[in-house]
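In what comes next, chain A is part of two complexes: it sits with chain B in the first one and with chain C in the second one.
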Partner chain A sequence: MLEVERLCVAFRGQTGPREVLSGVSLSMRQGEILGLVGESGSGKSVTALAIMGLLGEQGRISGGRIRLDGRELTTLNPSDIRRLRGSCMAMIFQEPMTSLNPLLRVGLQIEETLHAHLPLSRAEARTRAIQLLGEVGIPAPETRVDAYPHQFSGGMRQRVMIAIAMACAPRLLIADEPTTALDVTIQAQILALMRRLRAERGTAILLITHDLGVIAQMSDRVAVMYAGEIVEAAPAGELLHSPAHPYTRLLLASLPTTRRRAPRLPVIEGQMPGPGTIASGCRFRMRCPMAVPRCTDETPVLAPFQSGRFVRCWRAGDIAT
Partner chain B sequence: MRSMLLRRVLRQKGAVIGGTIVLSVVLTALLAPLLAPHPFDATDLLNTWASPDDVNPLGTDQLGRDILSRLIIGARVSLAVGLSVVTVTLVVGVSVGMVAGYFGGRTDAFFMRAVDIVLAFPEVVLAILVAAVLGPGLLTVIVALSLVWWPGIARLARSLVLVQKQELYVDAAIVCGTPAVKIIWRHILPNIAGALLVRASVGVGFIIMAEATLSFLGLGVQEPVPSWGSMIRDGLPALRTDPMLAISASLVIGLTIIGFNLLGDGLRDALDPRLHGR
Partner chain C sequence: MSAALELVGVAHDFPVRGRTLRAVDGVDLAVGAGETLGVVGESGCGKSTLARIMLKLTRPSEGRVRLLGEDVTDLMESAMRPRRRHLQAVFQDPVSSLNPRLTVRDIVAEPLRPLGLRRTAMSQRVLSMLEMVGLPADAAGRYPHAFSGGQRQRIAIARALAAEPRVLICDEATSALDVSVQAQILNLLADLQEQLGLAVVFISHNLGAVRHVSHRVAVMYLGRIVEQGPEAAIFDHPAHPYTKALLAAVPDPAPGAAVPVPLPGEVPSPLDRPPGCHLHPRCPRTGPRCAAEVPPLVEFAPGHHVRCFYPG
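Then we have the complex of A and B:
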């Protein structure tokens, strides 16, 4: 349904374009939840923005293709892509506290999305807005439809954001850290809501997060990003139980658990290299405990590994055994 | 909804005081010929610079004309200039500023360079240019001041839009496929209206003052029609000996400005739903 092929994105820098995404490939089926994990600056959000066509003036798609239901998005003109936003693909953000316009009643904000894509009368749009608020679990939607955003709590606002995103029943929902700003119980409720909507409507969800716990609960498949590349992609259970890429392994090892008795959490030494600083070789080799000379000389490719898995590492076979 | 707004405005002391002042100035301007105790252009050369008495409550000016009557008639000119210039500059300035700020890039560069060019001319020079084309008079003042004032409003609107554009709700509206015009009109404008309103209300005061400058140069309304600005100008040379003329006109201008400012502040607060719980 969604196919991203060798997507490259470059941002304008002081010394010339800096490539922040280098050949990212993803594919999603209808109703699938794909988790996209990685540390800050690894390119998760840029991938989402590129799909939505929201890179702005500084960013540019410098290569690759994005196809949604067979339609090529990278060559669409701005007004066509605007028509797709909200109707075929929608997005929710990390900060529910600021993603609603403080001066407009929430009902109007839902109705606005409806009006932008569907030929509805005002009364119909309002009825639909009330219905949507009910569907995302807001109590007394008939009265809350006329409330202002500041009269909602964070979790309720994220529900409203989901109602807006789902208003026109998009095929793809991109959720950029949808629960990071919420406390744990509310987080569980919002995740349950997203799972329910997926089950009821078959919406595919691209879930961007750095919370592996969320990934474990939600995703069918996971893609791990590092320095603008996907380093590993696998079904969620397999990836969490037997990670193949050294980065994924270290990432999982650095999670706190209640079982392990360790005085300190293991950390991954060093920092992620900035965009454009590594010309060739593996981008993780400086921090990788298993690096060999080949990692410097030859750039690894995202290669099939076992069934349905892909890893960008020369030593994946050695690690697994 | 409208009546709610009115109730919120009425709940604020400052807005009520400001509104009362503005309303009385407007009524005075509208009913001026009925309210003025004397004809504004009746000279009495034997009774110049008279002190306040029963006949002339605020005294007379250098030609023996009744100051109170001239203040009342002068409200018409000052208010007409102030309100029309503010309206024109808001419409032009806000449109230009918001479009420039929202779309950025070349659109922004084009409009902002136009703003820079206008700002490069001192307002008096522009006014003289306009007067050379149109001839002196009320229209000249309005056109000249509008030309001078819209760039400031445009810059303010642009910078306010740039701030709002960083807000996530704008991104959220974009990802819902909301058309740009609607985002500017329905989302951003209400969020910057408060600041623009305050600026506009302060602007009325400054514009009334600027009208005085142009009248001083003889580019504004012509004698014998009075404006508050020209009355201050006439009163200044006699400030030490007969201060009533300059002081009373200054006080009226000051009071009007305070009235507009209080009303602007009150409106801004009343328009912000965050300040009102349910």
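Then we have the complex of A and C:
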């Protein structure tokens, strides 16, 4: 349903364009939840914005293809892609307060999306807005439809955002850190809501998060990003159980859990290189405890590794044994 | 053992449009030298107000604050100033807590100024602090913007520890950091705490991080401590329904981990706290007494206190 092939994105920098995404490939089936995980600056949000056609003035797609239901998105003009946004694909963000208009009643904001894509009368749109608010678990939707965003809690605002995103029944929902700003008990409610929408409507969800726990709970498959590249992609259970890339292994190990208290947390020394600073070789090699000279000399490719898995590491075979 | 920092019956009210918002309600806490006390809870539970009270930035409406055995509740800022070297803090956002116009040397030296050290002693102290938190010596001459988030948090820790405080308050100190950097800072805090015998209060909504650094943990809900005890008791055998729900809600990265059943509803506004036990409208185990009476914090197991009529 969604095919991203060798996507490259460059942002305008002081010294010329800087490549922030280098050959990112993803594919998603209908009703699938794909987790995209990585730390700040790994390129996961840029991937989402590129798919949505929201890169803005500073960024541009410098290579690759994005196809949604067979339709090429990278060559569409702005008005065509605007028509797809909201109807075929929709996106929700971390902070719902900055995505909602504080001066408009939430009902109107849902109706606005409905009118943009569907031939509905005002009364029909309002009925549909109330129905959508009910579906995302807002209590008393027939009165809350006339409330303003500030009258909602953070969790309820994220529910409103989901209602707007789901208004035209998109095939693809991109959720960029949708629960990062929420308390854990509210996060559990929003994640349950997203799982229900997927089950009831078959919406495919691209879930972007830095939280491996959220990934474990939600995803069918996972792609791990590092410094603008996908370094590992695998079914969620396998990736969490036996991570193949050294970065994924360390990322999982460095996470403090509530289940047990480790005397010391393993750490990843140093920090992620900035965009365009590594010309060749593996981008993780400077921080990698497994690195060998080949990692500097040759750039690893995302290669098949066991069935249904892909790893960008020369040493994945050695690590697995 | 006398506590390094102790709160006794602390409560705090904020006036809100003619009404009273009780942010903190009857909190007793103590943390001793060489001990880390974790404080957890969700938005609105009062943990940030509690941090401000501990730091003597807010005077509590009720109760006493004792620092190193001395009652400091009523001390004015001028009287507090010489005692501040014993009480330091690290906050969530290392961008806004470091002055962008000062070099790292000046930032770390700030708490040393009242001590009247000589220039050379001061700069030696700064360098040894940078080394202690794992920053290169040449960091001293640079400005905060030249550093990553994790490195800035190291600068903030170096500043907090420069004057050899006895008590360190960490308010969401690792919450803005990426996982791999968070691990570095948690290890650093644990090491320094042990090396220096600090009393640390680690306030966070990140339960994994709290378990990793704390010896004892207090769980807050709507201004009250609902459960308090040794780290292993709280995480492995929680007795309060809220603690259980909170722990169950943390998504577990272990493959095949159970998907939590969310606690229904949301945390009520602190302006409309339910009577009796604050949790009773959302509680799966509520009984007839819960709406009528405030349950007391009682000892459930040695050192493990629970505020619930039906614990376990």
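Criterion: the second predicted complex is superposed on the first by the 317 of 321 C-alpha atoms of A that agree within 3 Å, B and C clash if a C-alpha of one lies under 4 Å from a C-alpha of the other, contacts with A are read in each partner's own complex, and residues count from 1 in each chain.
The rule we apply is simple: a contact is a pair of C-beta atoms (placed from the backbone, for glycine too) under 8 Å apart; a residue touches a chain by one contact, two chains touch by 3 or more.
Owing to the predicted nature of the structure, the values given are computational and were not obtained by experimental measurement.
*Asks:* If chain A is used to align the two complexes, do chain B and chain C fit next to each other or clash?
*Replies:* Aligned on chain A, chain B and chain C fit with no clash.
*Asks:* Have a look at where A:284 lands relative to chain B and chain C in the superposition and call it first, second, both or neither.
*Replies:* Neither partner.
*Asks:* Once the two structures are placed together by chain A, how many degrees is the angle at chain A between chain B and chain C, based on Cα centres and rounded to a multiple of 10?
*Replies:* Placing chain A at the corner, the angle measures out to 80 degrees.
*Asks:* Answer with first, second, both or neither: which of chain B and chain C does A:212 touch in the superposed model?
*Replies:* Touch partner of A:212: chain C, not chain B.
*Asks:* I'd like to know which partner A:101 touches here: chain B for first, chain C for second, both or neither.
*Replies:* After superposition on chain A, A:101 lies in contact with chain B alone.
*Asks:* Decide which partner touches more residues of chain A, taking chain B and chain C as the two options.
*Replies:* Chain A has more residues touched by C than by the other partner.
*Asks:* Examine A:11 and indicate which partner it touches, taking first as chain B and second as chain C; both and neither are also allowed.
*Replies:* neither
*Asks:* Which value, in Å, gives the least CA distance between chain B and chain C in the superposed three-chain arrangement?
*Replies:* Nearest C-alpha atoms of the two chains are 11 Å apart.
*Asks:* Residue overlap on chain A between the chain B contact set and the chain C contact set?
*Replies:* Of chain A, no residue contacts chain B in one complex and chain C in the other.
*Asks:* Quick one: in the complex, what on chain C touches chain A?
*Replies:* 42-43, 148-150, 178-184, 186-187, 190, 205-209, 211-212, 231-232, 235, 245-257, 259-260, 262-263, 266-267
*Asks:* Considering the complex alone, what residue numbers of chain A touch chain B?
*Replies:* On the chain A side, the touching residues are 52, 54, 57, 82-87, 90-93, 95, 98-104, 109, 112-113, 116-117, 147-148, 150-151, 161, 164-165, 167.
*Asks:* In the complex formed with chain C, which residues of chain A make contact?
*Replies:* Touching chain C from chain A are residues 39-40, 153-156, 183-189, 191-192, 210-217, 236-238, 240-241, 250-252, 254-259, 261-262, 264-268, 271.
*Asks:* Which chain B residues qualify as touching chain A in the complex?
*Replies:* Checking each residue of chain B against chain A gives 104-105, 167-169, 171-179, 182, 186-187, 190-191, 271-274, 277-278.
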